[in-house]
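Okay, so subunit A shows up in both of these, paired with subunit B first and subunit C after.
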Partner chain A sequence: MASLPARSEALPRRRPRLGRQARTRLLLTALMLPAILCTAVLVAWPIAKLVQISFYELRLAELMRPITKPWTLANYTAATGHPGFVPSLAATAVFVFAGTAAALAIGLATALLLDLKLAGSTLFQALVVSPWSVAPAIASLIWMFLLNDQFGLVNYLLLAAGLVSAPVPFLTSPDVAIWAVTFATAWKAYPFFTIMMLAALQSIPHSQYEAAMMDGAGRIRRFTAITLPGLRGFLRVTVFLGLLSQFRNVESVLVMTGGGPARSTETLAVRVYTETFQYLSPGRGAALGVLTLVVAVATTLAFLWATRKRADI
Partner chain B sequence: MRRRLVPALQAAALLLAGLFAILPLYWMAVTSFSRANAVLTWPPRLLPDLDGLTLDAYVAVLTGTSALRWLANSTGITVASILVALAVSVPAGYALSRSRGREVQMLGAVLLISKMLPATVLLTPLYVLARAAGLLDQPAAVVLGNLSFAVPLATWMMKEHFDKVPVDLEEAAWIDGCSRLRGLWSVMLPQARSAMAAVTAYVGVVSWNDFIFARTLLTGGDSTTVTVGAAMMIGEYNIDWPRVMALALLATLPVLGMFALLHRQLMRGMSSGMH
Partner chain C sequence: MRRSIAALGLGLAAILSQPLSARAETVLDFPTYQLEESFGPWWRALVEAYGQENPGVRIKLTNAPSNDHHRMLTTRFAAGNPPDIVHMTARFVWGYADEGVLEPLDRWMDKTDIKRSWVPSQASLSVAGSTYGLVMLNYGWGLVYNEPMLRQAGVAVPTTEPELFEAARKLTRDRDADGRTDQFGMALNTSSSSWGFMTFMHFHNGRDRDIVEGRKLDDVAEITRTLARIQEYVKAGVTPTGLDNNPMRQLFWQGNAAMYIDGSWAPGYAKRAADSVRDGWRIAPLPFPNLAGGPSNALAMPKDISAERKELVWKFIQMAASPEWQRRYALVTGNPPGRVGSVDAEARAKWPFLALFEASASRPSRSHLPIGFENEYNRFSSIFTEGMTAMVAGRLTPDAAARQIATGLKREIKGLE
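Moving on, here comes the complex of A and B:
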């Protein structure tokens, strides 16, 4: 009773304004609803489910039933204590860092070349970017064939150039396979860097170069004093996105080697798959999945924190 | 001397870059038009024997395997993913662009999370979901998988577009007696054509290229997509490379076509951070 007068006092004064605002808000929320539903069901719920699964020792078939077993940390100790765990971290590091470095190097070089606008640049731009349009799984098939140790084109070219004396067993030797897979992935990944770097190069005002030339700056000086600083912001974001995408990539490895030989090409993200669907241990797979998630979130937060004052992401 | 050397070196480097990009694709095409035994000869012939070229591999793949079904499945999944992503992301992108507050930050966070998640992390839960919903081995399951990554980014792309459309434009329509929803439909939607093309291109490429969802949520055989189908041809004892490469080429052509058609939109999508 006591609260009633207060409400009846407030209502008539606010209603006309609030009514329209509330209706607009309702409409906007309704328009957002399908997207919210999608992300709730397809992103949020799966993550929650993954965390839950990681705390139970289940077989694939048991996933469908209500869980009656007690929760345990066994999956985490089994996954991290596995003799293959540390090697898989090393494989992940090679795949992510060497893969991104190679893609960046090729991407930056091609972008600089295309930015020169030599004759036929548009044609070359289309050519240089074309690997992007090949599906990762299909690119893997092509590279499996190219890297074949009996009749592969890469081995032929290496032999013909005298760089090796015998065909390299790229995909069947545990020491070489991770590098072969990484390089093959870089072929598919570098056009993204080309396009981003080209956009960055074209955003550098031409007048800066002209001013530097007036001052007598040479080619190299212009590159280090104008081009590189002009690229920095783009470079930071592009490398970050490249690292994330390489970290996420599973198709390339799964198709080319299936994680082998001797599980030598199992990156963290691939291991989540093989543990769950090949070794049929969803709990261990989920534990690795949670670890993967933690690594990704930590890296992202660190990146955002490091670039917090900049507006370019 | 130096004046001539530098341009020559630049041209040579550009040529080399072009070769590096195109050689694997060239090799795929040449192999797909070769006979199975011609592929296994050493040394490999860089320039193919023109008389030896044949369509045998294509005929074999299209009549001897379920390749046509796989291509049809991929097409269906891709079209459905595009339509649902557009239907969900256009209204949401508009609403986010016109509302201030926490929603926008939330979307940013969701987008970031969905961007760094490896698909394998979502795979087990989505497998559980698909099985519970009776969608296992149904194309719809793969569509859901694609949407888990497509919806956040598509929504963000639409929001960024609507951010650039002045509110005045809409307000003029409201004054003319349009309802807000009507204004969205008849004023904003035609404005958003290029952004919708970018979303179409992005979701189309991601869905067509998907491997991991189709591999896990479909049982293989006739129900699977072309990327998985092509990879399945590797499992056999004797890999018939011309056939594998023929199917690989067939799987690549639609994306190349889309690339040629939507070149600009894809570039734009790429520079807003898609892969």
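Moving on, here comes the complex of A and C:
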């Protein structure tokens, strides 16, 4: 018995063991660290730099050097005071909301069709998803040729069917061009909605439909009472991602119209591009970039807030 | 064991020797947007010859479409990582010089005959007394026309602008009598791209007017007059509206337009022409008393590279500017090079319309550039085409478009009166 204290003194002090939960948390943090670092370097730093540049009148050669000039709001004043600013906000609203709505509508319709598992559905599935595999610039080029008022297939078909008496100036009329470009981007974007909606549809238990049918519910009632509520969570995430994607879409407009005619398709993202890369005004481009970011974040947060409220109800 | 060590040693030596030899070679980065065009073979040959003349120096030649190329240049300049050899559309030269990313070339150029032997527009590539580029090509314009179409309609090749309009009217036809025009007399670029602005300048310079003179924008009444003339072509239905360059060229070379205005590179499109056009196309001098002159594209040097690299880049520019390579430029590309007098009999025999473009390019002309505000060219052309496309689409009258353009330009461009 006398040896016991001596033995306990000889043993090294054991550190208190981490609990299983704490160890899991540590492991998860370690696993997430590369992603956090990547996000910090590739997202947070460029955004911080963008915000910084927007407050200075810098030349291209000065962007990556220590800034010695005084800060100014001149870029924001110039960007928001430009007569094209409000029209470009309007063009952005049409492009983002109508584009996402159209992509959602086509995506939901095609997902419902695919969910019916009709004969030849595998081929149909491949066809439906194919626009997704086309590069955005190529998709825009395809639509630019299809919608051309001189040799475009769409006008040829419309004229041949007698639906119009003269070619429709899809890309050369300021009243039509924004809708044409919006539709073209929706065509490129809808397969993402199809896939997400199809996954959501397949996660709804079939027993719910069977029970509803036994209760005498018709197709429309089953769609509104079972399908739509089942899709709600997926819809929220998909529309959120779709909105963000549409906000930052610049190549489709640039390829199809370059922002014209008469600046009718000049979205905020296109203005950022034009100011920075065409007019070589990085400060003003950065200010517009920050404003675009604010509008995009505010819109998507408003959407998330609105849809969460509805889900709670 | 010894064998294993020896093998390991050999392997290591092989691996280490690779980067050592690579390090001994200097690689000059040279992106361009002209490799896929008729200029490509000349650039490739020049780069190869430079490599042979300069052992240990290799030029990495890459290609990108024009818009992507210039976007890449801007990004690389902003990041402080420019290419060694800068090739660009001339309208970017003043902007980049103004942004402080280009090196003045005078200390090298002044030791050569370039400034004395070049097309007049070479002098325009300077900002505050320093030269920032070497003109590779000066704009030379022509009226590309379909000779059988003109003959069939009994129309002579126009030599004045009113004749051009009349010819375009007579050549516009509904060939299959379905009530729609399927042969346009003229294909004019009235798009919102910078080439839409060039259409305006063809007509405005063609009326013997510059758009800016002595830092003063031309009168609204004069701008209105030019816009109104373009609108007459649109209203008469002799040209489709909103055409950009590609559809404009497609319309002509596929046999659906009788005439269009293009630069000295136009013959390069003939190989893609429809059978009915391939033998019938011709080029005539542009029927305007004055032309929209100015530099088309230029070679330059970035500021942010080492002095050693700058010397190597200058060697390349000097080689491109040498009489021999300028002669080859005309022969291989069919375009009149920057060095005056470089087009020889061989090139003229190979390219029947080269003499015409040569005369056009070296003829004293008005400038398509807003003189004194060249660094704002892109903003200038954008504000112009905004008004012009609105007019062409029927949203604005020529007068309203001209007033909108003048107000926009004076608001956006500091110092423009």
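The definition used in the following text is that the second predicted complex is superposed on the first by the 249 of 313 C-alpha atoms of A that agree within 3 Å, B and C clash if a C-alpha of one lies under 4 Å from a C-alpha of the other, contacts with A are read in each partner's own complex, and residues count from 1 in each chain.
Heads up, the rule we're going with is that a residue touches a chain if its C-beta (ideal position, glycine included) is under 8 Å from a C-beta of that chain, and two chains touch if they have at least 3 such contacts.
Owing to the predicted nature of the structure, the values given are computational and were not obtained by experimental measurement.
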item	value
Clash or fit (per the criteria above) of subunit B with subunit C on subunit A	clash
First, second, both or neither for A:S173, with subunit B first and subunit C second	second
First (subunit B), second (subunit C), both or neither touched by A:L104	neither
Contacts of A:V96 with subunit B and subunit C, given as first, second, both or neither	neither
Partner chain in contact with A:L201 - subunit B first, subunit C second, else both or neither	neither
Which superposed partner A:L63 touches (first subunit B, second subunit C, both, neither)	both
First (subunit B), second (subunit C), both or neither touched by A:W45	first
Touching partner for A:F277 - first (subunit B), second (subunit C), both, neither	both
Per-residue touch tally on subunit A - higher for subunit B or for subunit C	B
Partner chain in contact with A:G259 - subunit B first, subunit C second, else both or neither	second
Which superposed partner A:F151 touches (first subunit B, second subunit C, both, neither)	both
Where subunit C runs into subunit B (options 5-13, 41-49, 59-67 or 329-337)	59-67
Residues of subunit A at both interfaces, subunit B in one complex, subunit C in the other	63-64, 150-151, 254, 276-277, 282
Residues of subunit B defined as touching subunit A within the complex	7, 10-11, 13-14, 17-18, 20-25, 27-28, 31, 39-44, 87-89, 91-92, 94-96, 98-99, 103, 110, 112-129, 131-132, 144-145, 147-148, 151-152, 155, 180-181, 184, 205, 208-209, 211-212, 215-216, 227-228, 230-231, 234, 241, 244-245, 248, 251-252, 255-256, 258-259, 263, 267, 270-271, 273, 275
Subunit C-touching residues of subunit A, taken from the complex the two chains share	59-65, 83, 148-151, 159, 165-167, 169, 171-175, 254, 257-263, 274, 276-280, 282
Subunit C to subunit A touching residues, read off their complex	67, 70-71, 74, 77-80, 95-96, 98-101, 179-180, 191-193, 240-243, 247, 250-251, 254, 256, 303-304, 376, 378-379, 382, 385-387, 389-390, 392-393, 395, 408
Sites on subunit A touched by subunit B in the complex	24-25, 27-29, 31-32, 34-36, 38-39, 41-43, 45-47, 49-50, 53, 63-64, 106, 109-110, 113-114, 116, 118, 124, 126-146, 150-151, 153, 156, 160, 187, 191-192, 195-196, 199, 237, 241, 244-245, 247-251, 254-255, 268-270, 272-273, 276-277, 282, 285-286, 289, 292-293, 296-297, 299-300
